[in-house]
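I'd like to ask you about the structure that follows.
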Amino acid sequence: MSAQQPLPSHAGAPLRGQRKKIRAGVLGATGIVGQRLVSLLADHPWFELTEVAASERSSGKTYAEAARWHLDAPIPGAARDLVVKGLDPSLDCDFVFSALDSSVAGAAEEEFARAGYPVVSNSRNHRTDPDVPLLIPEVNAAHLDAIPRQQKNRGYDTGFIVTNPNCSTAGLVLVLKPLADAFGLEKAFVVTLQAISGAGYPGVASLDIQGNVVPFISGEEEKMESEPQKLLGKWDGSRFVDAGLGLSAHCNRVPVVDGHLECVSVGLKKIASLDEVREALRNFEVDAELASLPTALRNPIIVLDEENRPQPRRDVNAGNGMAAVVGRVRECPLLDVKLTLLSHNLVRGAAGASLLNAELLAARGFLKQRVAPSGSQLAEPVSR
Amino acid sequence: MSAQQPLPSHAGAPLRGQRKKIRAGVLGATGIVGQRLVSLLADHPWFELTEVAASERSSGKTYAEAARWHLDAPIPGAARDLVVKGLDPSLDCDFVFSALDSSVAGAAEEEFARAGYPVVSNSRNHRTDPDVPLLIPEVNAAHLDAIPRQQKNRGYDTGFIVTNPNCSTAGLVLVLKPLADAFGLEKAFVVTLQAISGAGYPGVASLDIQGNVVPFISGEEEKMESEPQKLLGKWDGSRFVDAGLGLSAHCNRVPVVDGHLECVSVGLKKIASLDEVREALRNFEVDAELASLPTALRNPIIVLDEENRPQPRRDVNAGNGMAAVVGRVRECPLLDVKLTLLSHNLVRGAAGASLLNAELLAARGFLKQRVAPSGSQLAEPVSR
Amino acid sequence: MSAQQPLPSHAGAPLRGQRKKIRAGVLGATGIVGQRLVSLLADHPWFELTEVAASERSSGKTYAEAARWHLDAPIPGAARDLVVKGLDPSLDCDFVFSALDSSVAGAAEEEFARAGYPVVSNSRNHRTDPDVPLLIPEVNAAHLDAIPRQQKNRGYDTGFIVTNPNCSTAGLVLVLKPLADAFGLEKAFVVTLQAISGAGYPGVASLDIQGNVVPFISGEEEKMESEPQKLLGKWDGSRFVDAGLGLSAHCNRVPVVDGHLECVSVGLKKIASLDEVREALRNFEVDAELASLPTALRNPIIVLDEENRPQPRRDVNAGNGMAAVVGRVRECPLLDVKLTLLSHNLVRGAAGASLLNAELLAARGFLKQRVAPSGSQLAEPVSR
Amino acid sequence: MSAQQPLPSHAGAPLRGQRKKIRAGVLGATGIVGQRLVSLLADHPWFELTEVAASERSSGKTYAEAARWHLDAPIPGAARDLVVKGLDPSLDCDFVFSALDSSVAGAAEEEFARAGYPVVSNSRNHRTDPDVPLLIPEVNAAHLDAIPRQQKNRGYDTGFIVTNPNCSTAGLVLVLKPLADAFGLEKAFVVTLQAISGAGYPGVASLDIQGNVVPFISGEEEKMESEPQKLLGKWDGSRFVDAGLGLSAHCNRVPVVDGHLECVSVGLKKIASLDEVREALRNFEVDAELASLPTALRNPIIVLDEENRPQPRRDVNAGNGMAAVVGRVRECPLLDVKLTLLSHNLVRGAAGASLLNAELLAARGFLKQRVAPSGSQLAEPVSR
């Protein structure tokens, strides 16, 4: 059964002594991930959405006109009338989220970073850059130490780029982390059953997926076999050192709306009983800094005992979509442990991941109210 | 793209010099596998369906009345008016197929064998018996040598039991066989995405599977990890010797009507290039004896080159449902080769499998026209 | 886009001066409608769930053990440990909801009423009884006047039976009501596309509905053609007088989880423009008594302007599942107006309907704290 | 249960005395309807596919390269290597099918007709032209009499345009025809549940239709309310006279691959029993001319007696996809008769409809081997 955890209370440290929320822009705001970000930013305690931008011809329209809205809950009132801007780095905000398509994200994110904006990106373009953190706060918060080096390398001033992993990597690595910590990790074999919303909109044609499985998602297996190496690896002060994990991935698309299910077998360095594995997952708890982030769960892994769970349609919203839900922990005849995991591809795997990254950045003081260039209107933010 | 192979021509050896077809009964004829058998037996060149039997209260009705028919093609004319009998071993036929539910198959099949009927079973009950062949003709036809020992062990006269594997094992082992022959097989990791028809009717409730995946099928992983050991192993004259293969299976139910898809990684004993693997699969060809069986394909493995195939809805009927369709042969970072395979769970994995087994038995002379007990009506079969 | 309306504030009149909530039992608590009721009763301001009962063998188990839980939110804590009782009218509660299967509901509901329990039923058995109100509070609250007559007719003391309509009737009549009031209603033609959850669990077999439509639901067209007559008719002091509406229904099952969609054409007595029709629907507002009920919406009809709405998956939860969502109001060449409507079959069409009925009964003083028979434990309700 | 009728034998009149088949081109050959046409033309007894053309950038590629093939059966061998031409009316064929998108069909079809090609079109552009037959051979073969007038009006020489109706109109009118003949037809109310393949490829996004219904198909209701008027009307020698039928349509998209289901209520001019209605449908038989067409069914309407049929997934291929399958004939409280009908939207409603139209045109001598312009290669058709 899906468990709903209350969001942790938080001190709101980033806003201490501030009179205003940190102003956020969303690049790629009309897409399916951008919409989730806009939705999650409504009533956010630390951030205020002040700009929406997109690469398409939607510039000039209001957000309500430009977005073909996909969420059940309506467009947040504060976003409806925002005018959609182009991808020009002159937005009235303190940092930007990037939910841009990879065809334009690479250059656009660099331009914004160069112009002084912290860029919190969901796009794949810079994930493997040697000086760009690929971040899951619960897993590798220390990788943020790479930001100063990135700024120095690239001649960025206040701007920088931080990325979150691919939607199917996010849940996997969140589950591998406590196993790596407790028992050491040698190998992992993973087969994904991924939801159609992972392909965006219009995305997968119904004629292709109705009553069917498509055993191929372009580039996905490559991402799943490489991103965890960086995420579970270390920043040694000058570069990221891979985790050296043996990893094999098969990726499939299934006719499910939201939620990527993953069948995983792991080989551990230390012998562990199934109960020890379950406990390591269940007891995985974030530290005080993370627990204070508005979007964080204190226990981001939920372990179900029913033999036929997790199921995408029933468990995808556990932990407000930020949990990795694990079930069927059992012995693997080839490696050590088999398990099934589920995570929400649009929340934990995309918009929620970016938001949590931004919250950690804010908590660590990386997101400051931007001082506008002289003569700019930014010096006197219009009241809203 | 799905390929349709013409059925091989065949010499019809079993009928040489016979005036009549071999008479077949189907136990469990009203179920979803039984219906496929009834359908496949229409116009069969060697076999004639003369009896349908079932455990349920359907006894006494005609088959058309008793069967809630699931196939697109109508009930074969010759079957419509057959009266459904109970599971009493006094049927007017030379051998029986068993598509019985496992709750009754164990005892019923033994009773029929003891009464002199060859039993060609799709049920799981006797698959692991030490003297019962678990047969895929293309894989282990030599296991039929165990029949005389079985008859001796059990005091059967002309009767015996031969089984076919579980629906998800069938496709897997058919694909593993040429790899084992060509390169030697060490390990295999398999994750299944299984169709709802594999659970029979009414089977999976729509509320459980609509837009969902159920990551559990009772007993399925155990079968997939044990049956291939016997299938790929040897009969040493007195017992079956397991193949000693390392095997790990995760089984899932997906909202697909027919066709089990399997994501497989295999570890080989000899180094092989991907092209060599593809060729070994593509060139897998049955011998002359098998090629003469009405239901056999000369090349039972079809290898597709498109990057996003096989797909259940599009490829399930390849080779009249008797092929294993393979695609996405590629390197595996953990083992040696990754591939995706598809087979029709009701044809190659059940009814077609039983039928092919019966054909091999007929070709080898194991299915004879039964001599009826004295005083029985069997001595003078009614013309039909 | 789906609109979420805040629940109306309410005065809580029924509890004024009471120290305890009214105690509710649920008959048929383990079924799919019973589960919804149990869920809706958690944290209800007026009612407290004190008993769960079922006809099946589940008696004696706790509710958590007995119910195969279908909702995303977990079983309410207060219900988990309730012991499931049989259908004996000796439950420790002030009234009962009945979500019983129609095979047992008829007699069981009468027994409870005779034993003094108000019975708020979702079952079809007594809907057409000449002295039993078939109630949608927004439509025919005056029908409650029949209760004294029912009690007199049947020799009931404090007990009685009130029913809510069939799941597909509920949304239809809610939408027809303001049209009847504003313009007079002559005829209505309706074709339903009904969700699988309407058939209960296990209900529709996945093999029957996957990628398919079943153009038949047993008894459904008959209910849709008769129930609105009573709902839109009058209680004349001694009997219900039908509305005399011309009604034709076609009912279909479609592969949707929740939400019955209905294509409706209506013939009106007065000429009305499409805008007048839209306004009559949009402005349909309940009176102060109804507005004070916890589950009531002030405006129970939501009219969408998008040309392709309402859609079940996207709009089913509008108004917490208690709204009828209307779209595509347009001219009908045969009758006067075409429209499409959607309502949640398990909330507005079943559990929410019963709950709203109970709330109206409570507001009107029909649900009193029962005086326990002498010697009974009911005299001193255990604290909970 | 779905019935499969054998195709009628046919005299092959159009080819009598001819040494070669009539050469057909397909405009819009790469689309989903074009692919069906290409598939149906393989092994056609009268027609030979010699040209494929498309408006897109696919020109110059072979058909196998250009078409993203959607059918289960592979691309016919004779079509694989045809080079895809542009929409220039210089194709090496005797007539063309048009499966073009309506954005280009209007002008292109006129150009081909003007250049001397008979155009057998599935596109909507010319369906309502006052001199263009909208043809269902079983319904209004006499409308072909309009062709000479069309040629005169437009200054066409040997060319002309004949169209078939919209996919959801086709099945409806086929069923209305015998009712109109036997009892007279006053009114019809129809609600469609249409398959996703009706929207082409990529067509409906899976995120829009997964577990959902979309109660809107652009332009569809208008077509369904107007096309039957022309189809069931008369050609009076100079113009088409509408049938004057009262018609109301609601159109919905449902998650079904192939097959449009329609819930229909009809008002008849003469009183008829339900049995008379069933018999009129069941006995609807084409005349000798039509029966000789390769694609025609002698009895194009199949009436099922099961209470829950027709169903799209199970009955769509009845009569090779050329039948209208009717079930649930019952009384309508508002009009006279309710029934449910199903037809294959891509066969009876599109490609098969065009093909049958072409066959009727051939049988009547409208499709002649074109004499090539002097100096053209057409004078000496290359042997194929």
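Here the chain labels run A, B, C and D in written order, and each chain numbers its own residues starting at 1.
Convention: a residue touches a chain if its C-beta (ideal position, glycine included) is under 8 Å from a C-beta of that chain, and two chains touch if they have at least 3 such contacts.
All figures in this text were calculated on a predicted structure; none of them were measured in a lab.
Set side by side, the interfaces A-C and A-D show unequal numbers of C-beta pairs in contact, with more at A-D. Using the average of C-alpha coordinates as each chain's centre, C ends up farthest from chain B. Taking each chain's centre as the average of its CA atoms, chain C and chain D sit 46 Å apart. We define each chain's centre as the mean of its Cα atoms; on that basis chain A and chain C are separated by 41 Å. In terms of their C-alpha centroids, the spacing between chain A and chain D amounts to 50 Å.
In chain B, 210-211, 255-257, 313-314 are the positions where the chain touches two or more neighbouring chains simultaneously.
Interface residues of chain A facing chain B in the complex, by the touch rule stated above, are 187, 189, 191, 193, 210-216, 225, 246-248, 250, 252, 254-257, 261, 263, 265, 307-314, 327-328, 332-335, 338, 340. Partner chain C is touched in their complex by these residues of chain A: 1-4, 69, 72-75, 210-211, 257, 313-314, 317.
Remark: chain A residues 32, 70, 196-197, 201-211, 255-257 touch chain D in the complex.
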